[in-house]
Amino acid sequence: MMDKYASAGKVAYAMGRGGTENSAECLMAAKLKTAVLGATGYSGLELARLLVRHPHTDAPLLLRRGADTNEAAPQSPPTSGNGNGNGKFPVKASIQPFSWSALEQHGVELLFLATPHAFSREVVPEAIARGLRIVDLSGAWRLKQEQHRAIYGFKDASPQTAAELTERAVYGLPELNADRIPSAALVANPGCFATSVILALAPLLSAGIVDCDRGIISDSKSGVSGAGKEPTARTHFVSVADNFSAYSVFGHRHTGEILEQLRLNSCQLIFTPHLLPIPRGILSTIYVYLKEAMTADEVQNCFHDFYKGKKWVRIFPASSLPEIQFSVHTNYCDLGFCLAHDGRRLIVVSCLDNLLKGAAGQAVQNMNLMYGWDEAEGLQ
Amino acid sequence: MMDKYASAGKVAYAMGRGGTENSAECLMAAKLKTAVLGATGYSGLELARLLVRHPHTDAPLLLRRGADTNEAAPQSPPTSGNGNGNGKFPVKASIQPFSWSALEQHGVELLFLATPHAFSREVVPEAIARGLRIVDLSGAWRLKQEQHRAIYGFKDASPQTAAELTERAVYGLPELNADRIPSAALVANPGCFATSVILALAPLLSAGIVDCDRGIISDSKSGVSGAGKEPTARTHFVSVADNFSAYSVFGHRHTGEILEQLRLNSCQLIFTPHLLPIPRGILSTIYVYLKEAMTADEVQNCFHDFYKGKKWVRIFPASSLPEIQFSVHTNYCDLGFCLAHDGRRLIVVSCLDNLLKGAAGQAVQNMNLMYGWDEAEGLQ
Amino acid sequence: MMDKYASAGKVAYAMGRGGTENSAECLMAAKLKTAVLGATGYSGLELARLLVRHPHTDAPLLLRRGADTNEAAPQSPPTSGNGNGNGKFPVKASIQPFSWSALEQHGVELLFLATPHAFSREVVPEAIARGLRIVDLSGAWRLKQEQHRAIYGFKDASPQTAAELTERAVYGLPELNADRIPSAALVANPGCFATSVILALAPLLSAGIVDCDRGIISDSKSGVSGAGKEPTARTHFVSVADNFSAYSVFGHRHTGEILEQLRLNSCQLIFTPHLLPIPRGILSTIYVYLKEAMTADEVQNCFHDFYKGKKWVRIFPASSLPEIQFSVHTNYCDLGFCLAHDGRRLIVVSCLDNLLKGAAGQAVQNMNLMYGWDEAEGLQ
Amino acid sequence: MMDKYASAGKVAYAMGRGGTENSAECLMAAKLKTAVLGATGYSGLELARLLVRHPHTDAPLLLRRGADTNEAAPQSPPTSGNGNGNGKFPVKASIQPFSWSALEQHGVELLFLATPHAFSREVVPEAIARGLRIVDLSGAWRLKQEQHRAIYGFKDASPQTAAELTERAVYGLPELNADRIPSAALVANPGCFATSVILALAPLLSAGIVDCDRGIISDSKSGVSGAGKEPTARTHFVSVADNFSAYSVFGHRHTGEILEQLRLNSCQLIFTPHLLPIPRGILSTIYVYLKEAMTADEVQNCFHDFYKGKKWVRIFPASSLPEIQFSVHTNYCDLGFCLAHDGRRLIVVSCLDNLLKGAAGQAVQNMNLMYGWDEAEGLQ
């Protein structure tokens, strides 16, 4: 089935571009045309790098909103001459201002949005109308419930279209929604914190073993790239280095995603983000009370069963906990746990790279599902 | 003996501070003679620095256990010549091997122990017998209950003496035990994590407003100096930088102190330490469920009332949280909180410098109480 | 006028310190009235902290230029209530907009400027005319030679007044200009890099042992606070952490100061600044060729002789080099050196805290000289 | 023997890559068998990771010396279960004690040594006698001149064999020795600092434009992984963080390599290493006086001409300098320069990742040359 599906995907996209040829040349030509809008930010740049190396995509069209002036990322040196072996394109040169005609001209089929949520909310309706498929890395389309969306303060030009798209959008957490992502036109890529919390809790909640009413707490810590590339007093090196702080307590935007995906009410979960003095990586320490006493083996099996066959979740042996360094620069979400002697108090530790499994890597994983490719393609 | 000794000390220093003698020489002579055993570690060195500048103490006698070979701390440059304006002594030169005769020769009255707990447990009985007063920065004498002491695995030469001293030892948290510290012969200086958690919770528990059975969680994070100066794979720069991890989950030694001081049972508290990639500082994020809904003002008053007149605890306005940078290099414990809309879920954030309020600064604060001086003396 | 003013100041403060009055009230009244304009930046805040604790000054009047909106520094927690033992004032509350009437109203005698150089250049003429003494931490008045000033692009309202003040301004490096600072009305506090380089080279150049024409190189590295508090792409945590880079190569503003103070021409010195991923501290590695072979003892004596009696320069033994940690949070400039086997190639390493000896500490040192106090007052 | 062996290897792999066999099984079987001895250190582990992903090698046999007890690297989480998508092997499990029989049993053809130099010096003679090809990452075989080797204090069992091997060993800097590496039996992989300095200077010295007698200075800075994985007081997080220091001044082991490869005498070069508070990366700031004034274009052409067709050196445009972040996690050596207005004083900045282009990446690059593969294979 996999082969058939993959072939179908290839054919479909070869057709999408128009070709019927079957020579290797054609297969080369058959690569997916993508664009990254917002390629100047941390997630957008990371995504561009992944797409450049992806075996089934052409070099992505890199776009910026008009307002973005810092076109080059810190890791994109202004190289010249004969030494650049980076591959498909020199990253810096290619970031163009966004326009629909640019997308058309390049024959873009899949559009990645690494833009602020307000911009995504504005641009997606037309993009969908123009027949593009979309993976949106912003929070614009993640939430089904109005109560959770309120915090974003969306102002939709056409509320009805927005409502319809909100309904159609698929929350792009592949480990949970692998059945709905392949056919989705609009994939809402999850928030980085949300990914770390949902993946840690989904197996336990799905098994019905958590005493939700006693309260679940996620004490989460993120590196600074999660706060975006905008220079602010808060992201100044001197403010962050040798420091650590909590923020958005009882009010972080990712809370709604977590509640919706885990079907919890707002009294059942406390989610507290903190800022770590490191560039990237998230660790969530999650406190859960079980309904009945369990053994470590039973808890471990719960995780293993849930993530059977899932490539991008690693389960650690009982009492062995992941650290941020283990998953940074990979697309893995690492999960480990400790169970108290009473068998009822459980601590789950969840780690991931906020720019990969928490953003760009997950976006590629979603693309892989959308086009019938292996989930790990381009992410090793 | 303890009381007599303490009284004598008080008198001598009362004379030094406010007595009738008027020659400068006399005032000089009246300064307290102290020693720091274990002056090669982070806490011991920090303590030495504080004592050098303390107006009521002579330059401390600095001692090391025989095994300590790294006599100089990284911050003690091997200076020479005319430029050293550091004050009473050049730190590096003066660290001598420990002996009872050295203590006698220098007329030491107050002995600070910044040594491993096993060593403290061994040396204290004789020190007390010799009439010394002691502030012990290790965990050797902090715990009254055998169940909490077990984790340390003490092997006492004279179990009876050890039991008596355990009983007499005063837990040196000045904000809680200011009445018992002045007359104590043996002060057990609290653990750094324990200080941050106890000071955050004591006002709430004392007011009886916490639903303890629902569970209290302290998710605590510490800088690396808290792990000691011993070079290990875990404290290697490459292991710590760009990383973050939990450790000693459900099994950290400071848990017992917190439970005893707050009169909680082991099912009512989860304490989870984490390692931050910073040299110093602790932040504890503490989750509490209140028995009944309260207002932020009521919670704030609870803290203010409890710490009225206490110089080294700072209460932040509601919803304004301390960060590690605020209290590092000071003796303050900073406390802030956020209350959920339901008025029942409360997050307290507690910050301090693990080497000052969490160790050496608190030791000086205890000394100030023991000798009747202002609690802030030498700590500004 | 300058001399008279200075004398008056000296007398007043001599009385305050050792005069014939004996009431405590009088002693209090005699303290120097100061103001810090630009108290929102890193140097200004550090200066405010030093002045608060200085025994001979009142709490400084803290001022900001109209444009400054971030009034509170990261280390100034928004405390309230009874816990604040910080001393003379709560730092945050007291930063007011600048006005001449505010200065008059508070009877300010000494004005510290921690403002951008253009602003200092504008405000100093009137301040001097109003009889204020000034310590300016900016680069506005450090340079005598037009060729070195050009890089700043000063636009003076009254070029003649500016020229006169430029002439009268004393370069406030106490170890070199201790004879002229006491009577100065306008002290130009040196740049942080310049201080580290000049103090390292002055003894060698003064002794005439350096082959200047062979070229002197200072490869200097600074922590990020040296780049100021303004959030920029360059000071974003993610740009700085795990990174290191050179900047302003062959074109840094401090070069002129170094050349003027050391009487070198621009071909004799290369000064290359680099940005370190640390909050504070400077280390300069300085390469010098000696005219004739020397012994390490001779070089060491050269340093010792030059800095005899100077409290804030520490000379390390030969082949023992300072590190940034040794001097950070102190007012010391640490100097060490290594001499090659040939006795002619010499490397001098110079370390200091860019916010203390490189800015605010040196400003206080200058104030101490201006008012006849001990050079170390308020800096221990 | 060396040539024959090399040719045989080339043929075998040419067949594997482009030969006449057409079954996938055969292609698999043709992969090169390698071993990494010292796979517990930073370089060894990095090398293991590269080899696992290399298209022309089998999973390497990972070996440790008997003394190595810390078998797992910090980045090797103790994963289990179904989530591990890392590829060819679980890194942790496979590190075995070294023995000749293990090498034989696995049919190892190419042996990588990531061991201390004394061990390499001891083991290489037998390895060569057994017909193995070797890439040695230690300093054991880099130096031809006795005067430079002295600092290592080698004690050779058979001085004659050692002398012969020293003569036959090829210094494995592919950009300089691409003609000799393909046929080498013993490749001495360059030091990390040496690579950064030699690649920066070789084009200029080769062009004969440098005034060597005026003195060349390389002020070099390295991240902490360059100091090795052994926990020491010097690599303790608290010693390194917020710090910066010079070390091994006028006496670092890499000096000899640089002098030999660049044919300089010891009076013509000063090389000063410093320790940066970052995990990985090297930046060398190199000061050169040109014999005659040149234009920036001429200098740039000098670099471009020298590195024409070289994939792993990137030349920056004039006055645009590399930063450590640009090359970390890549195999690039980045080179940039600034020329003073006089056209004679030149600063070259050279950056690379000490574990990749400075160690493991370069080792793979050497292997690629040794077996006739594309120089970039397995390094993208």
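The letters A, B, C and D name the chains in turn, as written, and every chain counts its residues from 1.
Here, contacts are C-beta pairs under 8 Å (C-beta built on N, C-alpha and C of every residue); 3 or more make two chains touch, one makes a residue touch a chain.
Source: prediction; values computed, not measured.
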Same-residue or different-residue interface between chain B and chain D, half as cut-off: same
Farthest chain relative to chain B (centres taken as mean CA coordinates): D
If you average the CA atoms of chain A and of chain D, how many Å lie between those two points? 36
With centres defined as the mean C-alpha position, give me the chain B-chain D separation in Å. 48
Cα-centroid distance, chain C relative to chain D, in whole angstrom: 44
Chain D touches at least 2 other chains through residues 74, 239, 241-243, 277-280, 322-323, 325
Which residues of chain A touch chain D in the complex? 53, 74-85, 87, 241-242, 304, 307-317, 320, 322-323, 325-326, 329, 332, 334, 376, 380
Which chain B residues qualify as touching chain A in the complex? 214-215, 217, 219, 221, 239, 241-246, 249-250, 267, 270, 272, 274, 276-281, 283, 285, 287, 289, 319, 321-325, 328, 338, 340-342, 345, 347, 349
Contacting residues of chain C [partner chain A, same complex]: 42, 70, 74, 224-225, 229, 231-233, 235-243, 277-280
